[in-house]
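Next come the structures, one after another.
In what follows, chain A forms one complex with chain B and a second complex with chain C.
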Partner chain A sequence: MAQLISVKLPDGRVLEPSDWTTSEPLYSTVEVGAGSFPVLTAFSYSYGGTVPGSVGPREALLSDTNLQGEGNRLPENEELLVYNLSIEVFKNGVEGDTTAWPDAENPDVPLPDMLRLQRDLLVYFKIAYVKSYTHSPLSYWPAGTGVNWINSGSISRATNGVSGTAVANNGGTSPADMRTLATPLYVAGGESLTVDIEAGPGQVNGLNLAANARMRLRILLDGYRRRPVA
Partner chain B sequence: MAIEKIKLPDGRTVELSEWLHWPQYSTVEGQGGINANLDPLGLGNGAAINLRLFTYVVGAQIPQAGSPSTGRRSATRSDTNQVARARINHDEAYLAFSMTYEMFALNDDLPIPGLPNNVQAVEPIFTGGNLRRLQRDVLYELFVGARINKPQVRAPLSYFGQGVGAVAWGSGDALNTGAEVINLSYGTGGPVSPMNQRRWQLPVYVHSDRVMFARLYSPVGQIVGLSQDWRFKGYMDGLKRRPVA
Partner chain C sequence: MALNTITQVKLLNGKVVDLVDWSDQPLFSSVDLQTGFTTQEISLFQYVVGDAVPGFSPNVVTTRTASDNDTNIATPGAMASTEEMLVYALKPECYFYLTDAQAPTGTVDFNTRTYLPDAGPGNNGFPIPTAEGLAVFAQQLILQLEISQKVFAQASVAYFNTGYGVFSANGGSNSAAGGFGNSYGNAGLPSQEAVRSFVIPHHIGGQEKYRVMLINPSDINDGAVSFGIVNSGESSIVLNELVVATFRILMDGLYKRPVA
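After this line comes the complex of A and B, so read on.
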């Protein structure tokens, strides 16, 4: 076997070599549609599983999650010290009511819908499943990613070029705009780990999406992550 | 059985608890556009505000100023995460480092006189002009302790940067929905970012079971020119102590 998994010292102690990285956040995706929906649980599946809330549902790609194992928990040979929780939002599909707001081109989110998501969605970070370590609105967890736009009389193809539009981001686009936890959250290897997305009113009121359209939420846990060296 | 206390060999007792980065939030609502038909600019006034936040839990009525068009409603978990009315629960404590807020409109902005199909914002977009009027006239306060009239925090709303909310970009071209044109106005309390939240050098401690509430108050009474019904979600940001059980 070529993998270096453990080293037994002369005194009998066993060391398990591993490396810590701060350059690979753990992330997972859920999708929100119009109308009522149950709690959507991110990190409940791994690469190849199904994305909660998606149409189909669709199979998760590496762009949806990099969690390995069966989901709902951190692999035994990893550890996580979370300093940032950030959430990106992408729109996939078209508006339900095209007379309410001039639609934006995918994957940009129209300003009114972003405000509705921020107003109604709640985020619960659960470790060991029995307790929530966060209970706060989506807006409290800025993406820290996105596009800074400069437009000049730009029109939206989603309106067949008859109108402009206005798009929004979940908070600022810079890593400096991410919220840093004053007390980091530790997740041990093998421990249960999920992020639940819930709408307080049972749905995102007024979310302007067609039946098969979705808002894609990609949740990133950023900080120190221990992985095996093997 | 939950482990709440550990008795040490020397007789001392240690109570286990944890401190979490945990914002407390609470929502209030108000009416705008009062007597807009008498206003040459078509704006009207906002109802006078004297509302307390953190004074209710999920299921209770949300405090309102005037009569917003959406009517009375019961709070959901999106409106507040308070577990006790107007106090920190007996097995918790709070160390507040900052306060912030976010605004949502409850109705569309009123049409510009002479341009009946033109508005500056549709709900839940709150116009920059309306936010500036609140910044001008409204105080945001935090009180700790029963019958204590001395605020631990009191400043004009403009003093508090917006650390939560949506950052937006217009395409530059008119927003045409067919039935109406939206001459978009959208404003936030400074650049939306946690870095924009003013952090106090001296945090405010709220002891277990201590009475506390925040207040949104307009000493001037009605707010001239406030044209939309509104929802204010106020945050107290900091560390919460809770039992580990």
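After this line comes the complex of A and C, so read on.
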């Protein structure tokens, strides 16, 4: 219940977060398919832009991003103090090889595919085009959101009732499971910011997806956010 | 257990709130949804006990009359002049039911929702929501808090964990008809440690307007939120059009009660 009045950054600047919020993370989505793909850049587009890696590509909706402006940068009237990267993963579409593992109901992610994503995807958070402030695997950034499963051994619709399946979340479902930075990352209004998703081997090896199926990665920059003034 | 008692809270804009006659309690409001609904904006906290509970469906709807179980607010859409609130968390509860057998076509009557075993196939274990259904909500729905028409919280509905619920073990349950049971889920860990607690609380002053919204902007299934993925009660799992969900969303924090 203690109230935060000011935040002192490592470089000596002091922020007074009046009119800030900690419940409106900035988020952006990219989509990963089977086979090789180039670097996918989240926050490179805003609401109404196109989602990197998507089929089509498709137009970004509010469920994909809440970034305003032209993309690739924070709007001039916002500021961001990032304490967590949180990455949610959803599967849309069917598996490529139906004999490998019982498919999961959309948008749940089958356990082996989640492990493959965690193994092969790297996450780079870049501010002001200067340098990467993070360089770590997907698994380093647990979602801290998601469904707490109780597996009753049920069959799945995705397998036409033939078998059950096992699904996985990107880490735990609780905010306490998120990776919190000891020193937050500050993004000033108008400053460029991107999160690059890159596959170390050039692709996610063994990812079991049909041609038009995708894994949706929604990346949340969580912390203190100064919102646009109405 | 806290040994100290908070007497004042200083807000970020310098305003000091004296917590006289305040209590640590939530305000809540409910909405009924049938699987396949396509409504893009759903507002809660817009009605009081005795009014209709908002209901949304692909079909024509007969709504329920709100009881104390659905809402506890005194004034729709705004704080009463005697009220104030400091919102520290949003907590969406979700419960699954079946409607009557006539529901897929024609009018859907939310008064017929039930989780009794004889209500029809597929509701084994209700009102516990299915894990697959909750995952659909997590991907497609955005939860938003607006105060005086300004957005103060906005993220996926899964970002706001309930923080309580059924803590169950693997039951390996079968339906009454002898087929497989459902896979059950909870919106995050059913523990207070899982609650997304706002470091900076949101203040709603007396007579100030506010609303909590469920937004469905999704491209999935042409915008239809098809969460009714349940066991048929026999040996298959289907998208059952009779499934409805009741969301009861709590604004939790410090609440200045109306003085009698």
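Simple rule for what comes next: the second predicted complex is superposed on the first by the 210 of 230 C-alpha atoms of A that agree within 3 Å, B and C clash if a C-alpha of one lies under 4 Å from a C-alpha of the other, contacts with A are read in each partner's own complex, and residues count from 1 in each chain.
As a working rule, a contact is a pair of C-beta atoms (placed from the backbone, for glycine too) under 8 Å apart; a residue touches a chain by one contact, two chains touch by 3 or more.
Bear in mind that the values here come from a model prediction, so they are computed numbers and not experimental data.
Colleague: Looking at the superposed three-chain arrangement on chain A, would you call chain B and chain C a clash or a fit?
Modeller: They fit: once the shared chain is superposed, the two partners occupy separate space.
Colleague: Based on the superposed arrangement, let me know which partner A:Thr173 touches: chain B (first), chain C (second), both, or neither?
Modeller: both
Colleague: For A:Leu122, using the defined touch cut-off, is the partner it touches chain B, chain C, both, or neither? Pick first, second, both or neither.
Modeller: First partner only.
Colleague: Which of the two partners, first being chain B and second being chain C, lies in contact with A:Pro17: first, second, both, or neither?
Modeller: In the superposition, A:Pro17 contacts chain C only.
Colleague: Can A:Arg226 be said to touch chain B (first), chain C (second), both, or neither?
Modeller: Neither partner.
Colleague: Of the partners chain B and chain C, which touch A:Trp149 in the superposed model: first, second, both, neither?
Modeller: both
Colleague: In the overlaid three-chain picture, which partner chain does A:Asn66 touch, first (chain B) or second (chain C), both, or neither?
Modeller: second
Colleague: Measuring by CA atoms in the overlay, how small does the chain B-chain C distance get, in Å?
Modeller: 6
Colleague: Let me check the overlay on chain A: which residues of chain A are in contact with chain B and also with chain C?
Modeller: 146, 148-149, 151-156, 164, 167, 172-174, 176
Colleague: Given the complex with chain C, which residues does chain A contribute to the contact?
Modeller: Residues 1, 3-5, 16-25, 27, 58-59, 61-63, 66, 88, 90, 92, 105-108, 145-157, 160-161, 164, 167, 172-176, 216, 218, 220, 224, 227, 230.
Colleague: Under the touch definition given earlier, write down the residues of chain B that touch chain A in their complex.
Modeller: Within the complex, chain B touches chain A at residues 19-23, 25, 76-79, 81, 97, 102, 104, 122-125, 163-179, 182, 184, 186, 191-195, 231, 233, 235, 238-239.
Colleague: Taking the complex as given, what residues does chain C use to touch chain A?
Modeller: 6, 9-14, 88, 90, 125, 131-132, 134-136, 138-142, 145, 149-156, 158-159, 161, 166, 168-173, 180-191, 193-200, 202, 215, 217-220, 229, 231, 235-239
Colleague: Could you list, by residue number, the parts of chain A that touch chain B in their complex?
Modeller: 98-102, 111-112, 114-116, 118-122, 133-137, 139-140, 142, 146, 148-149, 151-156, 159, 162-174, 176-183, 198-202, 206
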